[in-house]
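Presented below are the structures under discussion, each in the form of structure tokens.
Two complexes follow with chain A in common, the first pairing it with chain B and the second with chain C.
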Partner chain A sequence: MAQITENTRNEVKEVVYDFFADECEVDVSEISDQTNIIKDLDGDSLMFLELIEVFKKKYSLEIELKTIGKYAVKNPVQTIGELIDMQMLIIEHEDRILELA
Partner chain B sequence: MSGKVVVTGMGIVSSLGLDLETTWRGLVAGRSGVNYITLFDASENQTRIAGEIPAEFSEHYKLYIKKRAAGQMTRVTKMCIVAAKDAVRHAGIDFGQMDKTRCSVIMGVVNTGNSSVEIDTTPQNTVFKSMSNAMSAWVSLDYQLMGPNYAINTACASSAYALAGGYDMIRNDQADVVIVGGADSIINKEEIEGFNALYALSVQNDPPEKASKPFAADRDGFVIGEGAGVIILESEESALRRGATIYSELAGYGLSSEGYNIMAPMKDGEGMAFTINKALKSSGVAMEEVDYINAHGTSTELNDRYETLAIKRVFGDRASQIAVSSTKSMLGHTIGAAGTIEGIVTSLSVYHDIITPTINLFHPDPDLDLDFVPHVSRNQKVNIALSNSFGFGGHNATLVFRKY
Partner chain C sequence: MSKPEESASSIQTVGVIGEGQMGTSIFYSLADSSYSLRWIGSENADIPRLQHNFEKKIRRALKTGIMSQEQHDQILRQTIITNDLNVTADCDLVIEAIPEELPIKQTLFTALNDIVKPSGILASNSSSINPSNLFTGTKRDDRIIGMHYFYPVPLKESVELVTTCSTASDVRANVVEFLHNSGKFILELNESNSFILNKIYFDIQNEAYKIAEQGKATVEQLDLLVKEGLFPLGLFDFMDHIGIDTMLNSVKNYVSCYPQKDTYSGLLKRLQGMVDEGNLGRKSGAGFYRYQESQQITPHAVDPLPEETAGEIIQFLRFTYLSAAKRFTMLSGCTTGEMNQAIREYLGIEKGPFE
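The block that comes next holds the complex of A and B.
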């Protein structure tokens, strides 16, 4: 289980905000934790997978995508804030995340 | 309900320009969009020419498509989206004011262009780039349309079939508006080699702009073009309610399958004539009323011979009095997009009373003796016009446009 600090959350938040600002061609200042990924940003579900790949590399996570998929079905993500929360759980619990579901 | 289906908007991306107006001006001026291939190194290919769209498209599409979506589209799909958005704008439609469950999309798609010229295909986007329904899906996504939405493949007649499908959908009261079109590019090494192996392409590379010469004695095959064409079909009631400009009425169509050969048309144009007759019957148009035929006119030996014979077979002595011209003499053959692009040209001929020419007809084939409107466009009253599309596999389509 990885040690989560406030710094980790800030890192994740920065990566997520920059990713959506770049992919959706909006200024980062227009994004908040309440921003809806599909309705407000014209985003898509693939973005979530792409971000997971980024974080798997960044934090050397050992978790399969299908495990995350199973968790996400029960805990759907709509907003940027929810996405960051889920990402933090993945970093913290890796493939034991299903035990939380 | 009148049952009339009308054209209220059009969009084109072609080798003559990235929009409708520029393309139409080029066609009326009798300009060729054919040049040497730049999309890949064609120096080893027998055919080294094609009607490529202007290179500026690589920046132009960014005005229409967001980066994220663009990354999941081929260049061909992007052409389709640009033409579709231009057509919607041209029609003045605000989908926010429409019942979106009655707004549909049908695209004629032979392939999406996910070929060796696509340099940024990755495992993450290859499925989206290859899906043959991608064009219709993206158009409906852009406007959140909820009516039927699908793609049709009948080779070179694909987007003409799409227009027929849109016509039926409105006539059957399944939709008020149908965005119909097609986009295509087979300008890549592999497909040019394949068509060269079938002796279907012109190899008269120099000068490029003279190679596509439908109905000429020295024609030696078609020239590949690329591009997109999109038409907004609408019920007359919907168009009148919106106060839309109506460019023409799509009065009917004829579709048929020849059941004859995977490549060659039925001998002496029998299948083509059958299709034209079906179109006249379905639209209630008498043969005496036809003023203009936008021919399939590919510049291949067989098509041009058989299409001429088919027109003579249908119209008899009157055939020589009907203006017949080939858009492909200027744009090349845009395959899946050709049916709609030529439908647009035909519709504009009806609207403006201008018939665009067949260029490069310097040496007419003595066996092909119709009025092919050589070299320069003609101002002539056009009340009824036909547009022919005939595809590999024996897929035939004739569309009938009437002045509104």
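The block that comes next holds the complex of A and C.
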């Protein structure tokens, strides 16, 4: 389980914002926690999966994609803020995230 | 997901045809492996855009440390994105993922038959058309196979592998090895009992539609009941999500070989009517539900059904689900364990029908 610090959310937020700015070719200033990933950024599940890989690497997480898939079916995210919240839960709970579902 | 060190098999060069949702998902699920990849888009595909997006993802993987410089360079070197079908000539395996329309697929496979080297395997990701219908009477009949992936491919482990009576044993073995190397869970099926996961779900959708048709409950009430008592996604919501036109084509293909076609005529008629009116589901803004910018406009309130009626309906739908799962398990020759695993993943549920 990764150590959660005060900076963790800021780190996650920065990575998520940079990721969507790069992928969707918009300025990072155009993204907020309220931005809708599908409606505003034309995002898709491939983007979500790539982000998961980034965080798995960054925080040495032990969690399978299918586990995240199961969690996401029950707890779908729509906005950037919700995605950041989910990433925080994944970092904190890793494979045990399903116990929260 | 495939890993570079795992792909030392007889299949080294893979072609993926189609730039839609499935084609893209299959391509990217293989893109971080050591396979030489050829991604072939349709004539209308924006190839520079596909190339740009691919390079962007690979560059970002390098930047974030997911990929080494060596892997990055290797992947770029061995990937071709084009709309020229001729690049499939040296492919060991070509996976088709184009729209679910038989004539279009037949034209494509006839062309591939002339282009791809004789030892190459031709696979279809079709969710409703058996591989032997794609073309017959050629020397390549033994090298055709069905590989039905589920979306999104990197998240869904299950693949329905459909062999024909002519599929050669080495073709089957090579594709099984390829899928295992990609971390996939294989449901091996024959053509008389193919695409069973969709068919099980379709049986439930069909029975639910009959209930709606009889006026016992509305589509919204049925979806609400199902979400509360059976599956995470509503039965009609699912059809809107897939696309009514895609759903209609698939259902027509399934029903064509069913003995009791009348059982499905009501839903087929409704789907045909919706397609004729341009109501293709989420993507068109209307289907069983209405949408605004791809978001469902949820009815303000769904009138609850009387408790007794709700109980009867959910019990009936659960019985339909178990009955269909049992029937298709027996017909397919799969074990109950295999079906539990595949259905759990397919429907996003905790327990399979036999658990």
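Keep in mind that, in the parts below, the second predicted complex is superposed on the first by the 100 of 101 C-alpha atoms of A that agree within 3 Å, B and C clash if a C-alpha of one lies under 4 Å from a C-alpha of the other, contacts with A are read in each partner's own complex, and residues count from 1 in each chain.
By definition in this document, a residue touches a chain if its C-beta (ideal position, glycine included) is under 8 Å from a C-beta of that chain, and two chains touch if they have at least 3 such contacts.
Predicted model only: the values in this text are computed from it and were never measured.
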Mind checking chain B and chain C on superposed chain A, clash or fit? clash
With both complexes superposed on chain A, which partner does A:23 reach: first (chain B), second (chain C), both or neither? both
Partner touching more residues of chain A, whether chain B or chain C: C
Taking the superposition as given, does A:100 touch the first partner, chain B, the second, chain C, both, or neither? neither
Is A:50 touching the first partner chain B, the second partner chain C, both, or neither of them? both
Enumerate the residues of chain A that count as touching chain B in its complex and touching chain C in the other. 23, 46, 50
Help me check something: in the complex, which residues belonging to chain A touch chain B? 23-25, 42-44, 46-47, 50
Tell me, which parts of chain B touch chain A in their complex? 66-69, 124
Write out the stretch or stretches of chain A touching chain C in their complex. 19, 22-23, 38-39, 45-46, 49-50, 53-54, 57-58, 65-66, 68-70, 73-74
Across the complex, what residues on chain C touch chain A? 1, 24-25, 28, 56-57, 60-61, 64-66, 151-152, 154-157, 232-233, 293-295, 345, 348
